[in-house]
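I'd like to ask you about the structure that follows.
Labels run A, B, C and D following the written order; every chain starts at residue 1.
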């Protein structure tokens, strides 16, 4: 099992680049979201006093901005926690990580779609599907890493591993469950925006589940 | 207190990723600002000799560009100085850091808003609120890190810690103080742009305070 | 041949920066692709139920998005595998790497060109030339690194080196071969899109070749 | 002179972040340039066969793209070579580095200006001033680092230091010299584009100077 030092070094360098690419994609996705926020145009014959009204009219854009920023932050936080104890990798882990990054880069697009089609249950569902996919890929990443302690070298105890398996399943589950809710809201209340309520529930739910399991 | 080597390694790796994400966001925000600078269009029947006049007409855009670039540089400089001696982290420090990054990513948006609504005290105030929030989150970060020498392992003496607490409070304070000034300027001089004068005062004030305390 | 420690350190730091620049460009190119995806506009007098139809009409845009994302991922994967064992560099390796990055940054442009001119064999060919150039520069990079074990310090056996020479030649070859195919498709079937079929063949071909050689 | 290990560590971490921010800015500036390349629009009643003509009509845009990419690569190359042997830093070095990054982020803007106002000696001069400023800040950075071997710990011999002082002065000098040339071209030949010829001379001149001094 003793591994030559130089191969260990190479592997750690390779792992470092996976994290560098990931942090780059997370950082740009976080920053790129801001391009969706529209600066209101000043119409002729209007005074500057109309600005608060124009900005207030964009409230749903700001709302979606904060939601998407918070979700990318949540996914990055999981990614950072998962890879903290990782000591190796293979082609499948790289592929799984690139799939996660694919859905991260799509978040600015689906946020813009949600902004423009706020009343469409299809736009709401597609946003939820993409976020749910990110969460699913991350949960699979953790399962793959910890399967038979493949890449974590037995340092984390099995209880901690299992706890993170459960907590990582909650956010994607919430997003997938929000899809029928969006359709129900659309047909019965003429608005799919009820999905938002359960999306925002991710933050307190995650908090309480983590507290419960951390005891 | 002796910590296994492997856990120490994991923690340093985790910290490295917080810095990598932060540097990515800072670098991207610095570069994204340039998209706000507008290349003047050549109207038909105009010679190229109109270019200097057109560029001069955009002076406030260039002015705001340099201000925002300088401020992101100031915030990055504080962030870099604070984290130089940091040896650990927890979830709250990550959350505080993500809040700082949120306000950093908003700087290009508020710069664009300021460009388009230069005569509106609301646009000036929102720019100041966002910059003030960045400075506040950074000042809180330093307090959180140094509280009971939580994450700095007793290497920095208390005097240096206190000095950085004071100097980190000045820039957000200046931004918050500029808000009533912008309104006063708007009502008495019909222009909120007096706020700029005190914004630019941040650079000499910081310089003198740092000199005084460094003695 | 014994090298002072401090020079070795400097060289590794220099190499680290080549990788940092490369990962930044790869991450940014991956994320920038999303700007090519267009959010459909809601026409007046239309209900939100038209969204699925509008998105379906953009299928080729999504198709090209996934292709370009997958190809940047493939090129990054090769780059990561090549540099894992690299221990030094010179000016020519830096130049070769910058040429690779040049073609990577052009991928979002050629993807947009392909989207807008899907029926033009010229657009299809230019996309293929750029992708083929990326693959060629990467294959040359591997040759340059491994020539007389220049920068890999004899750790990799010659068999592994040769295998990677062969596998790295396949993707650019496929792209260059797709160019006459695009023209044939254009003249005989009035569509250059047959090139796509062979582009997508890169993934299974690479997989089987790698399996065969890994035995 | 003996420095506690922990302070040395902190300083190297701080230096690492300066390089991380710089590489991020260089990488984004390289990638952001591509947004200046315009995909030609297909006019109604036109066949796809017009594409080559439309692309050829944008030749100067591609030309400027390659020039700016090559120059950012040259500046990054100098930056990487300078910092390879650097072992410390202070506030002035950080400030000098941020000024360099400021001019780097402006390159995409001045490239766009050059594209749109190709016949204006003002646009040509502004492009040259910005590039010349980048080169000047980099040359000053090298002087500052090596002054009394301030941050290089006596490892590089004075001859190598002096050689890099000379070679780093050439590119900014060429850019500043191109400004009167652009005006001369404009007044005598009605085109400021003669400046391009001397800009492109940077590459062979640098090559020969380096060869001569490396002997």
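Just a few scattered comments:
FYI, a residue touches a chain if its C-beta (ideal position, glycine included) is under 8 Å from a C-beta of that chain, and two chains touch if they have at least 3 such contacts.
As the structure is a computational prediction, the values presented were derived from the model and not from experiment.
Centroid analysis (C-alpha atoms only) places B farthest from chain C.
As for how the two copies chain A and chain B face one another, under half of their interface residue numbers coincide. Separating the CA-averaged centres of chain A and chain D is a span of 36 Å. The geometric centre of chain B is 26 Å away from that of chain D, both derived from CA atoms. Multi-chain contact residues of chain D (touching two or more other chains) are listed as 20, 23-24, 27-28, 32. Chain contact summary for the complex, chain B toward chain A: residues 6-7, 10-11, 13-14, 17-18, 20-21, 23-25, 27-29, 32, 94, 98, 101-102, 105-106, 108-109, 112-113, 116-117, 119-123.
In the complex of the two chains, the chain A residues touching chain B come out as 19-20, 23-24, 26-28, 30-34, 37, 39-42, 48-49, 51-52, 55, 66, 69, 73, 76-77, 80-81, 83-85, 153, 155.
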